[in-house]
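There are two complexes below, and they share chain A, which is joined by chain B in the first and by chain C in the second.
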Partner chain A sequence: MIKNFLYSQKVAPYVFVLPFVLVFIIFWVYPLLSSFGMSFQKVTLGQEAHFIGADNYTKLMGDTIFFKAVRNSAVYMLLTLVILIPFPMLFAVLINNKSMWAREFFKSAFFFPALTSVVVAGTIFRLMFGEMEGSLINSILGVFGVEPVKFLKGQTTGFIALVALATWRWMGVNMLYFLSGLKNIPDDYYEAASIDGASAFQRFTRITVPLLKPTTIYVLTISIYAGLAMFIESMMLWNGNNSPKNIGLTIVGYLYRQGIEKNNLGYAAAVGIVLLLITMVINLTQLAFSGMFKKEED
Partner chain B sequence: MKNKWFISLMVLSMIVFLAGCGKSSSNSSSGESSVLNGGAGEKATELSYWTFVELHGQHFEKMLEKWNAANPDRQIKLNVTVMPYDDMHNKLSIAVQTGVGAPDIADIELGKFPDFLAGDPQLEPLNDVAEPYKGTVVQSQLDLYSKNGNIYGLSTHVGATVAFYNTEILEQAGVDYKTIVTWEDFKKAGIQVYEKTGKYMGTADTSATWQASLLLAQQNSDFTDADGKPQVNTPEMVRALTMLKDLQDNNVISTIAGGQPDTEEAYGEFNSGNYATAFMPLWQMSRYTNYMKDLSGKIAIAPLPVLEKGMHRSYGGGGTGTVVTKTAKDVQLAKDFIAYAKLSLDANIEIWNTLGFDPINMSVWDMKEVTHNPDNQFVKYFVNNPFDVLNEIREEINLIRSTSASPTINNVLCTVTLNEIFEDGKDIQKALDDAQTQIEQELK
Partner chain C sequence: MKTGSIRKTILFAFFSVLCLLILVPFYAVTIASFKPGEDLIRYGLNLRFNLSAMSFDNFVFLFTGEHAYFTWFFNSLLLTVVQVVVTLLVSATVAYGFSAYEFRGKTLLFICVLLIMMVPFEILLLPLYTLTFNMGLMNSYSAIILPGVASAATIFFFRQYLRGIPKEMIAAGRVDGANEYAIYVRLILPVMKPSFAAMAILNGMNSWNNFLWPFMVLSDENKYTLPIGLKTLLTPYGNNYDLLIVGSFFSILPILALFLGFQKYFIDGMTAGAVKG
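Showing the complex of A and B:
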């Protein structure tokens, strides 16, 4: 009986996808539905939850700190996109070039930061961007006669530190994605183009960039998500979730502050749902524009 | 047949593997843990204790030895876990509210305490064990951690706020700290210090409310009204911050790395003699002896300057309530032990000896052999005896209330408002009005 069941061609596929479906339902669908429900309730751990309608959302719409967090996350995401897509692509092309010197060394050197824990990296960057004269960046600026800068107390300077951390950490990872994308482009195309007299720049713009499109879209999609969901980097850089004037507060940071620090889980759930909506809208638009939903042409 | 064996083997190995996973992940809480034995025997009950101040563990270690010697049939081993401030409170909050994974005993900081009293507190009332000590300890310190007549936390100290002056810098500038009575005197002295030495007299705190609190307490005002409602844009608050801003504009005080004297960056700044004064609760002494060793023999303690002569010269700042959670292994044992370790006369003497805090049993303040013991590290470190100052101001220690609005008020002032005023020079009234609006919005 069991043997028949397991060997049945109709049943087998379902059995094989079952673990994935279960994981998806238990760790994604259920929490999503439950936090959707929670976002309409007043939930304080240890107390009885009760339904309060759309109060959490109306409160959220009047919450200036939440909008500050949304703005911070959006700016961070845009900056990381602007830096962490073109530059890794360029470096990948350079490293992929056979005449490049010490290619393997550069590959590992760029990738190394990704292996470092965010906690350690964030702490080191916090010390580097410290406001005292003796901290690394200020002592370098001092050589050029620049007065010490309070990096982590200003909006712009704070973001310089934050984006520097992201760049240092993720450059190598994105480069690796592009490198693997480049491996899929046959050398013949370049040879043919060279024979036809295409310059290096033309080869890059006419062959490399278009053929890297699937990789670029993938990197773009995960970068949008990662940018909007950033939390630990900011938390480590400012040594806690409370940066001066909330300059480093992100949407997830705000969710954490409301849900965990203030034990207001219903409100935090509303923040989470809004974050999900923002991410979905941006990513789906982006994917639709880049034609990822079209059927592959034969 | 072979297949069956193979499948059975796979299933078996999966179960073993999964079971292994389950075991290894249980009972792990990050932070540094150590088990204090305190001379306990085999039968001792092991209680877990979470704190965010490493030094508190040292005090409990001493009291544990005494407890175990005095109670051979109720001995305790204490499993102490030290975690960073935010981490510990967040973890404790979740553990206590869900009823899973909480320690038996924990320290909760005054600013976070109201969060734990929300709704139906998941902490054990301590009235029965505190009762025997009523009358010997400062009543307001018991009230501080109470709700509806139930005491939920046992205080560690009064936290009388004083001025810590670096006498070396002041001597260079020709200033005598003993002549500073009002903030006006402080300003004059500060201008002199800046002109002569180029150093700042004090700090303009952006990440803590010690200064705002002490100036409100001097005016008998508070961050909340009698009903516990937030009021941060009162005339008293405007007066306090205007005075501080004026000091900043005259180079008397300046913002400090870390945002306030009780941070690692600030210890470095004080240690290198860049700031001459800190206005902090008395427990800051332990920071001097532990983290600012270079200043030994140079720091004098004095009453705070006042806005007008005759105002109260101190207030009780900060504090930690030690609690017993509802899920404690042995509730009565835990309660009896913390009462003994924090409220008994012996405990209060040790709190001074080990931690350098001003004990809440004020009869200790009069015990000259304890407070003036020449071997005591704090007596050795400071220029004058802390208790000479404490006894001078003992009738002048006001309190700032801790209400359910306090954590939010604190958060808004310390992340936004004080930074806007001292870093960006935003108009004080405007900054405080904005803060009031934000706080009301968050408390809706």
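Showing the complex of A and C:
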């Protein structure tokens, strides 16, 4: 009986997708709901939680450190978008030239940094951007007569190190995304455009950019996500979740500080909910503008 | 003809410079692993190549010294293998369910898959942390593996791949009297092999390098994975720079070797979602 039921074509699909449903409910829906619930409570691990209404949110709105974290995350995200979308796209187009020498080698070499863990990459950059005269960046600056810079002690210079790290790790990956997007553009389009007398620049702006749109939307979406959720990079560069005057503090860093380090879970949950809202609003706006929802069913 | 080769040379030169910039950190960490730790403390990472001050001391210490590096290394290896096997099998099964059948709630469920890819995992850190605590799974590898077994990105990739498999195969299996599960195990899984390679590599790389969640769950030093172990070497007080740098260098090697052997699969896995139209 039970066997027949489970083996029927009506029930089988549910058996197949059951693991996803379970994981989704236990590890996504439930935590998300409990996070939402926690954000209206005062929660300390090991103690009774109690309801405090919107107090966490009201407090959050007056929390200057939180706004510092939001600003840092937003600036980081914008800088990574400005650098890590146009440049990889351009590089992908240039390297896509079939007659280019050693293109396979370059593609692999640019991918290498993505193989490193953020712990290792962060350590390397922390030591390269060290404040000593002899550390890599300062010794290069020294050649031009610049005094050693204390990179990780200033807001702007700290962000230079942070963005350099992101650029180093993701430039090659984003290039690969665009390269695989380029593969889907038929050569005929370019030939036809050339015959019609279009310049290389025109071919790029009129054919390449519009036809790369699905790839660009994808890269944009994951970059927004990654930019706003960044935490470990900062934690590695500053060797912990504390940076001078919080110059490297991010939203997730603040969530971690309040929730794990200060055991103030309700307040941290409120930080998480605000991050969720920011991410969803930005991403949904972006997707609506680029007309992605028309294809949702696909 | 002539302008073509000039252009080629300029492009080549441009990419060579870019490539050098990208490889500089690797060069710096490689030579640093031959330098004494105090050099690193005093000068940071740099490009100075001074053969007389360099030695294999760090490597000797890595392989013979008293530290937990290789415990962490093998923990990472074990966790990566188990995580990859479990995640691939579960995700492939789910993806098959999505691609082979029409059923009520399918669209809604698939939107949930896409949603997971858009909600920052970091938001769930605290409730997952308390959940793990309440389930008594703290300090266990299950707590690391379970939340990710139905990986959204992996399901998405397998589903795209399964679209290319003719439905007639499934119908033929039914005609031959195989039940729904036998069809999946005997007919579909073997056909999916090539796509498993790409996802194994990608999931393996992510698992090998995973940090934040394992860092929160694991508290026993003997259970640490490599990234966590390396992170703990970086303290403001201890003088562990020699081990840290040679350990960092050595931790990249396995994944680099894997990459050089299976480039195609890394790239296939990495770019799987990028061209959906």
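We take it that the second predicted complex is superposed on the first by the 287 of 298 C-alpha atoms of A that agree within 3 Å, B and C clash if a C-alpha of one lies under 4 Å from a C-alpha of the other, contacts with A are read in each partner's own complex, and residues count from 1 in each chain.
To be clear about the criterion, a contact is a pair of C-beta atoms (placed from the backbone, for glycine too) under 8 Å apart; a residue touches a chain by one contact, two chains touch by 3 or more.
As the structure is a prediction and not an experimental result, all values here were calculated from the model.
K.L.:
Which holds for A:44: it touches chain B only (first), chain C only (second), both, or neither?
P.N.:
Only chain B; A:44 stays clear of chain C.
K.L.:
Name the chain, either chain B or chain C, that contacts more residues of chain A.
P.N.:
C
K.L.:
For A:63, is the partner it touches chain B (first), chain C (second), both, or none of the two (neither)?
P.N.:
first
K.L.:
For A:260, using the defined touch cut-off, is the partner it touches chain B, chain C, both, or neither? Pick first, second, both or neither.
P.N.:
Both chain B and chain C are touched by A:260.
K.L.:
For A:203, is the partner it touches chain B (first), chain C (second), both, or none of the two (neither)?
P.N.:
Once the two structures are laid over each other on A, A:203 reaches no partner at all.
K.L.:
In the superposed arrangement, which partner chain does A:153 touch: chain B (first), chain C (second), both, or neither?
P.N.:
Once the two structures are laid over each other on A, A:153 reaches chain B alone.
K.L.:
So, A:244: does it touch chain B (first), chain C (second), both, or neither?
P.N.:
In the superposition, A:244 touches chain B alone.
K.L.:
Taking the superposition as given, does A:130 touch the first partner, chain B, the second, chain C, both, or neither?
P.N.:
both
K.L.:
Could you pull out which residues of chain A sit against chain B in one structure and against chain C in the other?
P.N.:
In the superposed arrangement, which is not itself an observed complex, chain A uses residues 45, 130, 132, 260 for both chain B and chain C.
K.L.:
Would you pull the chain C residues touching chain A in the complex into a rising list?
P.N.:
4, 8, 11-12, 14-15, 18-19, 22-26, 28-29, 32, 40, 42-48, 90, 93-94, 96-98, 100-101, 103, 106-107, 109, 111-113, 116, 118-131, 133, 146-147, 149-150, 155, 179-181, 184, 205, 208-212, 216, 226-228, 230-231, 234, 236, 244-245, 248, 251-252, 255-256, 259-260, 263, 266-267, 270-271, 273-277
K.L.:
Any idea which chain A residues touch chain B in the complex?
P.N.:
For this pair, the touching residues of chain A are 44-47, 59, 62-65, 130-132, 150, 153, 240-246, 260-263.
K.L.:
Which stretch or stretches of chain A touch chain C in the complex?
P.N.:
Against chain C, the touching part of chain A is residues 7, 9-10, 12-17, 19-24, 26-28, 30-32, 34-35, 38, 45, 91, 94-95, 97, 99-102, 106-121, 123-125, 127-130, 132-136, 138-139, 168, 171-173, 176-177, 179-181, 183-184, 214-215, 218-219, 221, 225, 228-229, 231-232, 236, 239, 252, 255-256, 259-260, 265, 268-269, 272-273, 275-276, 279-280, 283, 295-298.
K.L.:
Show me the residue ranges of chain B that touch chain A in the complex, using the header's touch definition.
P.N.:
86, 89-90, 93-94, 96-99, 115, 118-120, 122, 206-207, 257, 259, 265, 268-269, 407-408, 411, 414-416, 419-420, 423, 438, 441-442, 444
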